[in-house]
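First subunit A sits with subunit B, and in the next complex the same chain sits with subunit C.
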Partner chain A sequence: MSEKAERMSEDHVVTKDEVSAVYPEVAKAIAEALGRDADDIELESRLVGDLNAESIDFLDIVFRLERAFRIKIPRGEIVQDARGDLPEEEFAVKGCLTEVGLARLREYLDEIPLENFRHPMRVSEVPLLFTVETFAKLVVRARRQGAAEKEGQDHGFPPR
Partner chain B sequence: MVTGASRGIGRAIARKLASAGADVAAIYYLSHAAAESLSAEVRALGRRSIAIQANVASPESIGEAFETFRRDFDRLDILVSNAASGVLRPAMELSLKHWRWCLETNALALNLLAQAAAPLLGRDSRIIAISRLGARRAMPGYAFVGASKAALEALVRSLAQELGPRGIRVNAVSAGVVDTDALQAFPNREEILSEFERRAPMAARLAPEDVADAVYLLALPEAGMVTGHTLVVDGGYSVSG
Partner chain C sequence: MGFLLVDRLVEFTPGKAARGVFAPAPEVVAVPSFMVAEAIGQLAGWLAVEKADFRSRPVAGLAHEVWSSGFTAAGKVFDLEATLRSYSNEAIVYEGRATLDGVEVVRVTNCIGPMLPMEDFDDPEAVRRRFIDLRERGEENPLAPDTLDGLSLVIEERERGKRIRALLDVPFSVPFFADHFPRKPVLPATIILDYGLQLACDATREALGREPEARVKETRLRSMKIRQFTPPGTRLELETKVTSASSNQGLLSFSIRRAPQPGARADGEGQGRALGTARAEVILEQAP
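What follows is the complex of A and B.
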């Protein structure tokens, strides 16, 4: 495997300042989707473990974030993005993350304490890890992607 | 206007109506790329089409969607309320949150859409809702979705009664098991499909296009006196003992 495949692109690095900038609106969207007070939400809160979010709540949260930030978050974006240019079969086998896949995911979801990652871990279990910060980072990346596409269109390039 | 138009049955309905000469407003929830590709397909047929993101369970979101719609279209002839979602669990494990999610997305949405559409609907316009056999039959894990579809069919009858004097027809198409992405949510997908195929007198799997064809039939001027009806499309499954 190439070194490139083992490392994530630096484009994916999100700074604390970028997270802080979007956090209030992200927390508001999550609180509204879950019918909770904004005070219940913290950057480190786990959506499933702490806030009792279910799969339908994830749909609602993504919709609210897309509308609030005027962004597009493709279905399965976090796992797809974490996999990056890694071939699918090197990322997961029969629905279970490989060693390399797990390493990729840990690197991508660097806001999540290492002890929260199970081993072995099924791809379907990945959403159990998500925190409020995971969604803030998702928003930051989607805004960058949107800006890049707009710039490409402004310069006559097709969107990625 | 077709809700849930990006995939499965909604997509087939949008394609069918476009091929019959309709312009299409494709309402979608989260599947941007699929909705845009559908709109591109419709435009390639020489029809106008836009994709509009909306949560059909939210009055505010429906209002925004209609504002967008009005920028491109000045009237609405056919409204298809197809978007659906659900929580597939035994009734004994379902909560108030699940009830609201199912009922608001699958039943309330029709009323919200009808209210928002009313000023744009002229005489001979049609509203068609997509229901499921689970509205009338018990199926494992389908309790709240089934209840929401039963509510939807009841609402179809009430809307038909209220809107009839304005020349607006309101009907439902109730589909049997259709092989779409949505079926992937069922752990026993293949078993459901084969059992349906085995029991249905027509002995065939239903495709999204079969449901779209029934929507087309109800949209025809020849169905001008058909209203408040639920047309079952199931290859005879539900009448077979």
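What follows is the complex of A and C.
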């Protein structure tokens, strides 16, 4: 693992307890967005493969999570976050993840079984990997980010 | 006969807010509420398109709520307002409203429009010129009374007071496809939703035991989602189900599915997932 990848993982580790804390509300938002019963949703459910989510559903889910948790989730946040401080050209070339980019993504999406990552893999295929847990972790990170920004503002620092 | 419903841009604060005018032809006796909602969406679309430097454009996707009063508007001009709440390469979030003589008649809240490449839909330079015209002098191509001619909604099944199922055949050629969109003709989602709202109003009247001409006081469509485009030649199945009805109010669910073409096997595309869904609230005027 590269030094950059190690740095990225330190910032982005999300514990099981953190996921459990937000999971009920995340599952509710996903169930409502997809018009499903809450019982259909499990932490490991794949949004596309298991729950038949389409691209418009991703927008819907993110919007519902933003409202439910009063957070801001920038569009494309998961891929951007996974890339971290890695230069764009080292992360993906012509829309395909590089070896380093794929390693970053595997580490960032550590809730997803390794066999689900294809190689080569297009950046546009990354959402096919997302599970309910991916969104729970997204919420945890967005809440952290929000709290950090608030703390920075309270101490007179500009937001990151 | 056009389907570009913003006839003039009155105020334009790039990337933030706009005011415009929607002036249907005087012969249009009844302007469907969703046609007004479409005009608000098109106004927000100009904000997004200008911000994207005409390289991408929003399309209908999600709306948290579309509220409408039971207005009549023959010969009147709608004043439109739209505010862009957020913008990204992927989608915009906007809200807006329309007023008639200063009174709010349609309001859209938390609408999300996915952004797609402009070149797939229209000539970017032609759109840029149209934008300049709208700001400088406005267009003279008002909504005409025969805009929806060629579309027909046929009731297929009716359980009085419980549900109504209907078929909508989309012709291969109608004049508004020239505007919506020049390079990719599709039926505007707002037209489908307007038919759905008509069914919801009918089902509410039946559920409440009211006469067919009972006037609608206000309507709300909530959690509206459109998943796919509807190209020419599509047969759609629209279904509304009454969830509850009491006093003057009906709560309903609404779904749109692709129906099998006449002669096709019944287990074809029509059995698939809904391409559009919404929840509806219909409030009727008090019975006399």
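Following the convention adopted for this analysis, the second predicted complex is superposed on the first by the 154 of 160 C-alpha atoms of A that agree within 3 Å, B and C clash if a C-alpha of one lies under 4 Å from a C-alpha of the other, contacts with A are read in each partner's own complex, and residues count from 1 in each chain.
Keep this in mind: a contact is a pair of C-beta atoms (placed from the backbone, for glycine too) under 8 Å apart; a residue touches a chain by one contact, two chains touch by 3 or more.
Just so it is clear, the model here is predicted, and its values are computed rather than measured.
Participant: After aligning the two structures on subunit A, examine subunit B and subunit C and state clash or fit.
Facilitator: Taken together on subunit A, subunit C would clash with subunit B, as the superposition shows.
Participant: Pick one for A:76: touches subunit B only (first), subunit C only (second), both, or neither.
Facilitator: Only subunit C is touched by A:76; subunit B is not.
Participant: Per the contact definition in the header, classify A:50: touching subunit B only (first), subunit C only (second), both, or neither.
Facilitator: In the superposed model, A:50 contacts neither subunit B nor subunit C.
Participant: Given the touch rule stated above, what does A:110 touch, subunit B (first), subunit C (second), both, or neither?
Facilitator: Neither partner.
Participant: Using the superposition on chain A described above, determine whether A:59 touches subunit B (first), subunit C (second), both, or neither.
Facilitator: both
Participant: Which of 94-102, 148-156, 202-210 or 238-246 in subunit C clashes with subunit B after superposition?
Facilitator: Clashes occur only in 94-102.
Participant: By the touch definition above, which subunit A residues appear in both interfaces, subunit B in one complex and subunit C in the other?
Facilitator: In subunit A, positions 35, 54, 56, 59-60, 63, 74-75 sit in both the subunit B and subunit C interfaces.
Participant: Going by the contact rule at the top, pick out the subunit B residues touching subunit A in the complex.
Facilitator: Against subunit A, subunit B makes touches at 29-33, 53, 55, 61, 85, 87, 97-98, 101.
Participant: Where on subunit C is subunit A touching in the complex?
Facilitator: Touching subunit A: residues 61-62, 88-91, 93, 110, 112, 114, 223, 225-227, 273-274, 277 of subunit C.
Participant: Which of the residues in subunit A end up touching subunit B in this complex?
Facilitator: So the residues of subunit A touching subunit B come out as 35, 54, 56, 59-60, 62-63, 66-67, 72-75.
Participant: Any idea which subunit A residues touch subunit C in the complex?
Facilitator: 32, 35, 52, 54-57, 59-60, 63, 74-76
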